[in-house]
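First, the structure itself, so that you have it in front of you.
Order as written gives the chain letters A, B, C, D and E; numbering starts at 1 within each chain.
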């Protein structure tokens, strides 16, 4: 069973989702929690059986799908992807169990289970087409969640979300087809297997174009400035659960894909584009943080803060060294936990007041002290306080990028200032002061169901902030091999010098890898 | 002054263009069908001429089949017009624009 | 010389006839001009030695097709003067003239390559009808048969469309109405 | 000894967590007692560690576990108790023990009693991490931790707008400096390959001066924020919105000295870059004067003490910048005692006066509040540097250092500031305790604080008096780690002239203050007096207009720019362009759908038009092909390739 | 005198005629049955048609076996050409017809299906298409085309309401014009080469190195016009939306697949040799028309208010998309064409069948046409299963993986990439994004809006019978699980296309 655990993790929720249609409406929530719980247990099992000292892929599965065109069903996880899979199943569980009164709850739960399938699939896929399949498919449940359960502008928001990301990924698809074609030229067989692609050394000019094609797909997903405008709408309109999963997992697809595709496939292009991307990332960090500060809706604040944090992740990724990339992967998980929790928290107040405008609140700390405490903790984590989960990632990302550029890191480091500004301002508006709005006077504090979702997140936030090693070590091992691969594949001197070699003195001969032209 | 293939081709083209004019300007469907007959007939001249100048019978064959096709089209076309006329009492295409956009 | 005179004469007449066909506002004139044009075309066929084709042209077109159209005209009562909106004539004339000029310009140039072999050459001592027959029933047997099918299709189509079957639309009627009509029909059959 | 280390480190954490359990419940007296007990336990452990170190024991160094390890980076949770950190631990645990006990009384009627102790203990824990860490990353943890607790405690009365505003201001300003600190850390890591103090300092001498200079600058920027040096100083005065024990502990004794501690800790680095050191010293001297000048006219008791703190921090930086690290540390310690005492005394006064802060509205309180009067007077005497109180030993030493290092400007500034210090300290004392009983105008009946609060303050009082006598013991201990430069003025005569001169100057200042505010009648200023309309008074009372400038030229533009970014750029440019692309497609479809007019004639025309268009293309193309050579000639004639 | 013609029966390869003769026989049988006994129920004719189509498919597969063994087969004086393309196209034609015929068994009664002539004409039409694809002789292609078209016009008109007459007349008239174009084009090529067989034309033209480029271009223009009309390239597309709207939904779905694949075969046969032998103009013209067709049709589909009309425009766009394969003209692209069209057949038939199943006889007041978007509002609430299936087809049409059409799409785009048409590949990809918008629009209506008052969901299955459900079931299974069968299909297609020399 362990040989096929990834397949089980991917398809179990889908099968369960189909069966879920048959479950009676009032019982479906319990069913959903049970399924998500099993799924989470499966992913925990994956973690425990995961050998963190191995840098390569584990639990590989391979099944030919369309061998004539090189499409195969290849799965596998390494330190980079395994934790995001676990995070995904975790959030599905948390999300389903925190679902309150929802209309059409059965549809919601089935949709969430399908979404879980696609999320697990994206991070486990080692075949580009398989990856693309899950990547696109993940849009559909999210479209439905936003569009059916969202706010007044939900249709606009969901369609915008869908079309925007879809457009970007289509360009990426063309890039993938190009890669496969290069592989075909070099070896005479079609293949979309990522690990096979890693062996290709492309000329720099091709790398630049292909990188750009992939970049568009990933950047919209991330979302990077200036492709980010779908996100506030999506978050603003989505129901709580939609925002949680969108922020926690779906956005990570983009940054994950950068590490899985862009860096190892196009090391020279990565170096070439490093500074432009870093500038974009810095714009993301500072500009969106300022935009977040101007928001009136607390959910939009969290939404824009997501963009801002994703900027740090991008920056860490393009540090192109072990510290930075490890940091960015860790920050992906951290941001998933923290922003997921923040969206849950916003959902808590939205459930009670049906508004998210900060001007409606004020002095909530008097009325809902527990809520204020958890919110405060998560806010501090979001701000990047040491000993919370976010700090580890942010610190390592910035540390990593410092090797590439001092000035840009200094600018990017503004994240910790501007982040504090909008977060503290928002917190102050909501929680501090006297209770001015009578409607807030008798709000109930967080209830058990909500605590059940929030407490684990709070624990993780602190636990991984203090003791990140269980994650950081496997990530580190896998990232090392990626960085080494990039160094070996780099053809320009610039890239060779920018990407550190971890194996000192040993130069892998280039002839062993096929060259496309 | 020898009459060559080109003469026939040019003639055919001119007749074809006349047919096109008819197709474009006729609003009465019956008259419009006349114009389509002209189109096919003009091509037939060219086929016969080519056949003649090349000493090859294929062109005549083609013309032969074109005639058959034209005849069949007349049958179906008139059938359609009759159905329409029964319902609406006209065969003017100006009245046929319920579907658009 | 005779050929040239004939060509130009017939060409002129054909063009005039067809021109009348597409421009006249009298349906009857148009029909007559069309028939005349058809016959004139058969003259070309005779000039070009395609006797069989010429005969078919006269029989099928001037005979069958024209007769059909004539019936149609009577049915549709279009013998009176047609009122046609003289809309954007410029577009029509422009488009046709451009098309004609472009093609004519190209066709006026003689073909460079004329050395192709005839695949189904005319046999010197056989009549045109015989030649046609041989080719038609060997090489073009299948198209010929298919043409027969096509005519059958046209026939069936004509019957279906022009006959009574289309008078009542089952598509638009409710199930109850259909049943009622059926019952009535049955009664008639029984009585 | 590890046990004591852990006890010292973690008992505040336990205390914090224990108190946190009861945050949602009404006041529980025992949380305060348990918390205080645990802090005292930490104090005892620290004392044991101190004696261990004093008795020449080895440096205690433990590595708890790995925190971050990736690539070449390795950061453990490592803690070290050496001569410097043990000094700091002593200061921290002692002052916090006092403050904890004091707070049981001070916060007696506050409904956030339990929460307060939770925060306060958390602060102690963060501070302990800060001082005990054996690497920069751990320092940074503590650094941010104290920032967080400071935010929590300043904004403790979160219903007050001014308190929450001040809390946020403090946090954000500290963040600005923390960025510098972070960059400093990065510099250290990428140049030395480690963040452990020991290895990093060992590697530093081999680095180029440029890099070291940048390192020093960025680390010092971090220190500037935490120690509220100009221009990041405004938060400290505003931070007085917090409960007074907090001001005593955080904003006087411990947290604000973290910056000084950092410079002391990084002494191997700053030794290598004397230019930066000089800059630090100059800035310190400037701040010493600058803050003192603002204290002269201020009408808020706590703010006056806060400015005084700022001023004293300047002194410490002067010492640290000039390489006299042990002097700085010594002054830090001494200052902690008397300044905390001063704050706690002010707390008593506030309690008595029902949170009235304007000393002009008090006066004559020495009768109802005798003990407090004595304590605050002695603390002020210590602050002013009168022999034989603690301040004399530490502060005079700094003056000596500056003259020995031949920085006469700094010396004269500091000397002048010492006079100012004495003046404003006793202005305060005089206004509060002497003169007419102006408080009666406001109908207040002051009463002395609880006994146990006074008892709790007594250790500080004692230390404020006698701390100077430990100078040599301390010197011997601490110079095992810090550069052991003894500062002696070369000629004995000079030494005496200086010392006595300073003393006289200070005493004159005190006398002037008494004369002006205790002997002569004082009225509550109402903006009409001549002095209040003087330019220099206005500048000083408005804190040199710095907060105004920040508000007008930083905060407001930031807010406006944010709104512009959101409404104009994000919505109207970035988003609108995306929607615009979609709209282009949609409207093109909408506008061209008339092509499908439903009219058969039009449809036929379209077909013919299609053919004609293709034909025209064909002709153009055919001509182009046929005459390609000629076209090329023409094009080349036109200069087209 | 003429010598007697001796023809050995063996050399005729009459077996090549078998697949076309079967539906003709079937049609004749149906006509005879009708003559002998009137008023038989439509189920009889449906089943007869199914039987003959099944036989037809058997015969096609038989000839596929022959092709696999012996390669291209010429028959009956080389008029018939049974190569891989012909076989693949016939499989699609007959297969799609098999899926279409059961749609006649609706719950409500519709005019055309009540008359056996419909089934006879339908079978004639199929044989016409089969002749069209199984020959490279322009005469036979022309006659086959006209046979099929005339039957099709009649079938459309037999739906018997005003819109369908209008549609039939429009289609007919434009068809007549395009017949003129076809014959003119054929004439030009005949004038150039003295032959009407495509391989001869190709051989002669390349022998004289395209000396008469002007003639070639004129001929190509008219052929492009004629074929462009059939596959609905812009600006020859204008019939498509009206005809789709006028005919029944089932018929519209059928029309979006079968006539077009026949036309594609002709296009492949006719245009690819021209492009490959360097008629750059054709490449440019095709490029432009492909791009315009894809994009403009998408933009018009965006603004439609009726689902069927939207699907009509989307079919135009898909046709433009596939026409790119002809433009690219590699083995991979031609294989992609067939793969795409097979998968498209499933998806599009499925989605049109979903419209067909919801067809009402009488429209309510607020509903101006048969299948307005409003009609589907809130479908998930009232008829969840149908909504999911419909949504599935929409997603597939939009090219969302892993549904059927996605695989066709990537293979086709990949062939563009492989052949160096990078920009084209990008345009194709981005057009999918535009297209996604209007497919999503239906999904939005179905899943995210509240039902129109008084809609209890009955309307969505008002026409439902077992046979319709089976067809939709087959279509949706084909749409979802396409990936499983993809590899054998792809290998099959590729080998057939490759062995035919394309």
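A few remarks follow.
Convention: a contact is a pair of C-beta atoms (placed from the backbone, for glycine too) under 8 Å apart; a residue touches a chain by one contact, two chains touch by 3 or more.
Only a predicted model underlies this, so the values are computations on that prediction, with no experimental measurement involved.
Touching chain B and chain C at once are the following chains: D, E.
Taking each chain's centre as the mean of its C-alpha atoms, the one that lies farthest from the centre of chain E is D. Relative to the whole-protein C-alpha centroid, the nearest chain centroid is that of A.
Here A-E and A-D are compared, and the pair linked by more C-beta contacts is A-D. Most remote chain with respect to chain C, judged by CA-atom centres, is D. Computed centre separation for the pair chain B/chain E is 26 angstrom, with centres defined by C-alpha atoms.
With centres set at the average Cα position, the gap from chain C to chain E is 27 Å.
Between chain A and chain C the centroid-to-centroid distance comes to 68 Å (mean Cα coordinates, whole Å).
The distance from the centre of chain A to the centre of chain B, with each centre set as the mean of the Cα atoms, comes to 65 Å.
Within chain D, contacts with two or more other chains are made by residues 582, 593, 596, 598, 600-601, 604-605, 608-609, 611, 615, 618-619, 622.
Residues of chain C in contact with at least two other chains: 91-92, 95-96, 99, 102-103, 106-107, 109, 111, 116, 118-119, 131, 139-140, 143, 147, 150, 153-154, 157, 160-161, 166. Within chain A, residues 163 each touch two or more of the remaining chains. Interface note: chains touch in the pairs A-D, A-E, B-C, B-D, B-E, C-D, C-E, D-E. Residues 1, 3-4, 7, 11, 14-15, 18-19, 21-23, 27, 30-31, 34, 37-38, 41, 44-45, 48-50, 52-53, 56-57, 60-61, 64-65, 68-69, 71-73, 75-76, 78, 82, 84-85, 89, 91-93, 95-97, 99-100, 103-104, 107-111, 116, 118-122, 128, 131-132, 135-136, 139-140, 143, 147, 150-151, 153-155, 157-158, 160-162, 166-167 of chain C are the ones touching chain B in the complex.
Within the complex, the chain C residues that touch chain E are 102-103, 106-107, 109, 111-113, 116-119, 123, 125-126, 130-131, 134, 138-143, 146-147, 149-150, 152-154, 156-157, 159-161, 165-166, 169-175, 178.
Against chain D, the residues of chain C that register as touching in their complex are 87, 91-92, 95-96, 98-99, 102-103, 105-106.
Note for the complex: chain A touches chain E at residues 64-69, 104, 107, 129, 132-133, 136-137, 139-140, 143-144, 147-148, 154-155, 158-159, 162-163, 166-167, 170-171, 173-174, 177-178, 180-181, 184. Of all residues in chain E, only 169-170, 173-174, 177-178, 181, 213-214, 217-218, 220-222, 224-225, 228-229, 234-236, 238-239, 241-242, 280-281, 284-285, 296, 298-303, 434, 437 touch chain D in the complex they form.
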